[in-house]
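Same chain, two partners: chain A is paired with chain B first, then with chain C.
Presenting the complex of A and B:
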């Protein structure tokens, strides 16, 4: 059981500062780029040297830390970290034939640069870790945080996830067939009936503890699976819900990671199958785009919804007569091989 | 107040035993071969021959003398897209699971977890990555193999591991954190048995990165020596099988994992603070979790990279924790700094210290650092070893210490 006390999110939508997720920002050239705020509290010299992943990660983390005491740990999930810096350094190696290189991009390119930069800027010497397990990097960060709050319920932890679109990882995933070949807008993402999705990026941060006082939401359970078998996913989702809901509770809202990739539709169809007609079904990838830690944005959206009780109409796939959103189930899937379920409840 | 592992649940924690090990490094293709080289004081560091590099003659490396093609043959890993980092991992992983006797059913069980660590992943394929990242046509067969997660995902698919699977990257402390995470999964009942460790292969990327930071030695590295000139990069992989006391029945474990501590030095992106605050806190925390006093530690497998900054700050931190530190050595003088694999390979060596009741010397040491005057172990010796500490400190201030104890 993880109690979420504060959240911050820098995403392609208006999710930071004055939040407005009713309005949908449009994708440009099949990419949904993060809307970066004016970063406060980061010295300009330092900000200039930061790659985007570090910038949006640190930018989302700092406001949460500023508002509270020193977190007892910093737990970050990121599949790629600073990919832009990584390839910039690689390009220098090739183009200068291993000549005299400057180490700046190399140091910024290590995925742990985000968590360590947060520690460095806030002089935090506590637990510090970076999980990089591709589509389940954030979920493993959650497992880590869950274990920590069980060990020390009164401690608080900064839990979060970051991934960036760089020209380079866009090319790699495009060549591998994960981004659409044809020009598609996020407004019509779910009707394309073609393989692949749109590229996305973002950072979502959560201040969590084992204490319910002043919490805004509760992550009651989380489960991960590695499989390509949609029937196994459906079975496990059914068990997950049965094991974690008590008698009279029901799923009010089911948020899925449906991403317009027709090769993955079978997983979403199988999972939607297990909820009743009283459950509203919603989607979020048209807001975030696809990236390995997009499930962190789904969790941020779920926290926002249980708090504000306003489901943007552009998210709805199938409505119900449900007008209260107390229990939210999230199902995400990365490239058809890594799956996760989360159960988020109102306090 | 630093983080401490406080057991608020009064339930007594299971003891965690090491029941299997596998390792491959510049000094051997198995745990047994590694041990022989350590006893015979044979370094595996030398000229880089694996791939062409401007630094091949200028910066010695700890490379494994088996080509990527031979590894594919040996391991029957012919899928397109399998990288050297994955092959090294597979080599050590197979030795570890065979050693502990885990069968297919156990590997596939939902309570078997696999926690990997790597920092290089598929980036060892510099030229392929350069092409794929900069072009939008003619993708190579390695498009899904560059990221860190690709290694664990390949092994998971090959062995159908049924439980939690994860990859950690905290730079040079990555696999020490994989071991710690795996142990905590067991304590929390999220796994009954875990296979934990890490892998990294030599890459133009890391050679140039560390060289740009001016911390690659032109000579064989000399950890804790007054005139040390930097580190040598190495490659390798190691995995440990950890199981609960109640599940091992009549099998004889190698050692017990008793302590772990993870902290951040919060000082600089690529160097450790003068007094070694992060290393000091990590060691202190590991002792706290193991519930033993500092003077119970019989030997330390130091991080000991051979850089100006690490060896001096680690020495200060050891002086702060121990007053008069116990026997310590850096086995990086045999295999180089294997980055994401270092914590796991050195954990295997630490477990051997206990299981074989012996300690291995540091190589290339001549004179101590003036300000700390610490001398590492210089000769192989048999001795009573009940508790060993293994240190791993990384870029970004990520510091982790582990403690293994006699089972």
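Presenting the complex of A and C:
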């Protein structure tokens, strides 16, 4: 069990600083780019060398660390890290025939550049790790944080996830059929009835510990599964809920990673089957776009909702008579093979 | 290429290579120090500038002492380029 004390998120929506997720920023050319803040805490000399993944990751992490004491670990999940800079560097190797290369792109492009930059900028010499398990990179970071917190409940950890839209990744995934061929707006994403989704990016950071004092939310449980079988996903989600809710508790809000890809709809339909008619069903991929660590944005949204109790109307798929949002179930899947469930509770 | 034109081109290349997004190339003075005060570049930038000289002008600086004399300001860089360029 993880207690979440503070959160920060840089996403395609107004989620950083003055949060306004009621207003929906629209996608441009089938992409939802992160709305980047001014990054006042990052020295200009460092900022100009950072690729977008490092920028948004560090930009979301720094305010959390500055508002609290030194965390006992930095645990980040990212499927691709700074892919844009990585490809720039690889292209230089070819272009200049393995000759003289500039170090900036190389230094900033490894997936662990995000966690290491946060560490260097805050002089944090504690545990520092980056998990890179594609669509479950953030979930594996959570598992790592859970194990640490179980051993040291009073320790706090910076837990987060980052991924960027890079030209390389977008082109490869586009050719592989994961981004829509036709022009689609995020405002009509769920009515397209065609394969693929919109590209997205973002960074979500959480300050977590094993202590409930001053926490804003609780991540009660998390489960991952690799499968292409929707019946197995439904069965495992049913067991997950049964094992983690007591008799009188119920799911108030079910947030799914439905992304407008009609090939993946069977998983979301199967999972919606298990929640009662009293549960509100909401979606978030029209806010974030699709990317491997989008589930971190879902967790950030869940934390925001249990705090503020204001579900934006554009998120609602099926409303209910629920007045209070105390138990939130999140289901996400990446490319139909990597699935995760999270149970978030109000403190 | 005239010296004035070369200075203008070099300023643009420095801004582009070092991603100095908030700097207008025309605002860089010819005698403004590149490191410390002035543009405020650092040691990683010096490597980027050495790569710039190699790629754009065919100049290979291998001696760090020589680099320190060349990478002072736009005037010293342009003077060195005019004397040593191979392309």
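Everything that follows uses one rule, which is that the second predicted complex is superposed on the first by the 347 of 347 C-alpha atoms of A that agree within 3 Å, B and C clash if a C-alpha of one lies under 4 Å from a C-alpha of the other, contacts with A are read in each partner's own complex, and residues count from 1 in each chain.
In the analysis below, a residue touches a chain if its C-beta (ideal position, glycine included) is under 8 Å from a C-beta of that chain, and two chains touch if they have at least 3 such contacts.
Note that this is a predicted model, so its numbers are computed, not measured.
Because the two structures share chain A, they can be overlaid on it, and in that overlay chain B and chain C fit beside each other without clashing. Residue contacts after overlaying the shared chain place A:102 against chain B and chain C alike.
Judged by the touch definition given at the top, the superposed model places A:94 against chain B, while chain C stays out of reach. Using the contact criterion defined above for the overlaid structures, shared-chain residue A:187 touches neither chain B nor chain C, since it reaches no partner. Panel annotation: after superposition on the shared chain A, the angle at the CA centre of chain A between chain B and chain C (CA centres) reads 70 degrees, nearest 10.
In the superposed model, A:123 makes contact with chain B only, not with chain C. In the superposition on chain A, no contact is made by A:66 with either chain B or chain C.
By the touch criterion defined above, A:263 lies against neither chain B nor chain C after alignment on the C-alpha atoms of chain A. Chain A is touched at more residues by one of its partners, and among chain B and chain C that partner is B.
In the superposition on chain A, A:48 contacts chain C only, with no contact to chain B. Taking every C-alpha of chain B against every C-alpha of chain C after the fit on chain A, the minimum distance is 10 Å.
Residues 99-103, 107 of chain A lie in contact with chain B in one complex and with chain C in the other. Residues 44-45, 48-49, 96, 99-104, 107 of chain A are the ones touching chain C in the complex. Of all residues in chain A, only 72-74, 79-81, 86-87, 89-91, 93-94, 97-103, 106-108, 110-113, 115-117, 119-120, 122-137, 140, 143-144, 146-147, 150-153, 155, 167-169, 171-176, 224, 226, 337 touch chain B in the complex they form. On the side of chain C, the complex with chain A involves touching residues 17-22, 40, 42, 44, 47-48, 50-51, 54-55.
Chain B makes touch with chain A in their complex at residues 2-3, 5-9, 53-55, 119, 123, 126-127, 129-130, 132-137, 139, 143-144, 146-150, 152-153, 156-157, 161, 164-171, 177, 181, 184-185, 187-188, 190, 204-205, 208-209, 211-213, 262-270, 277-278, 281, 394-398.
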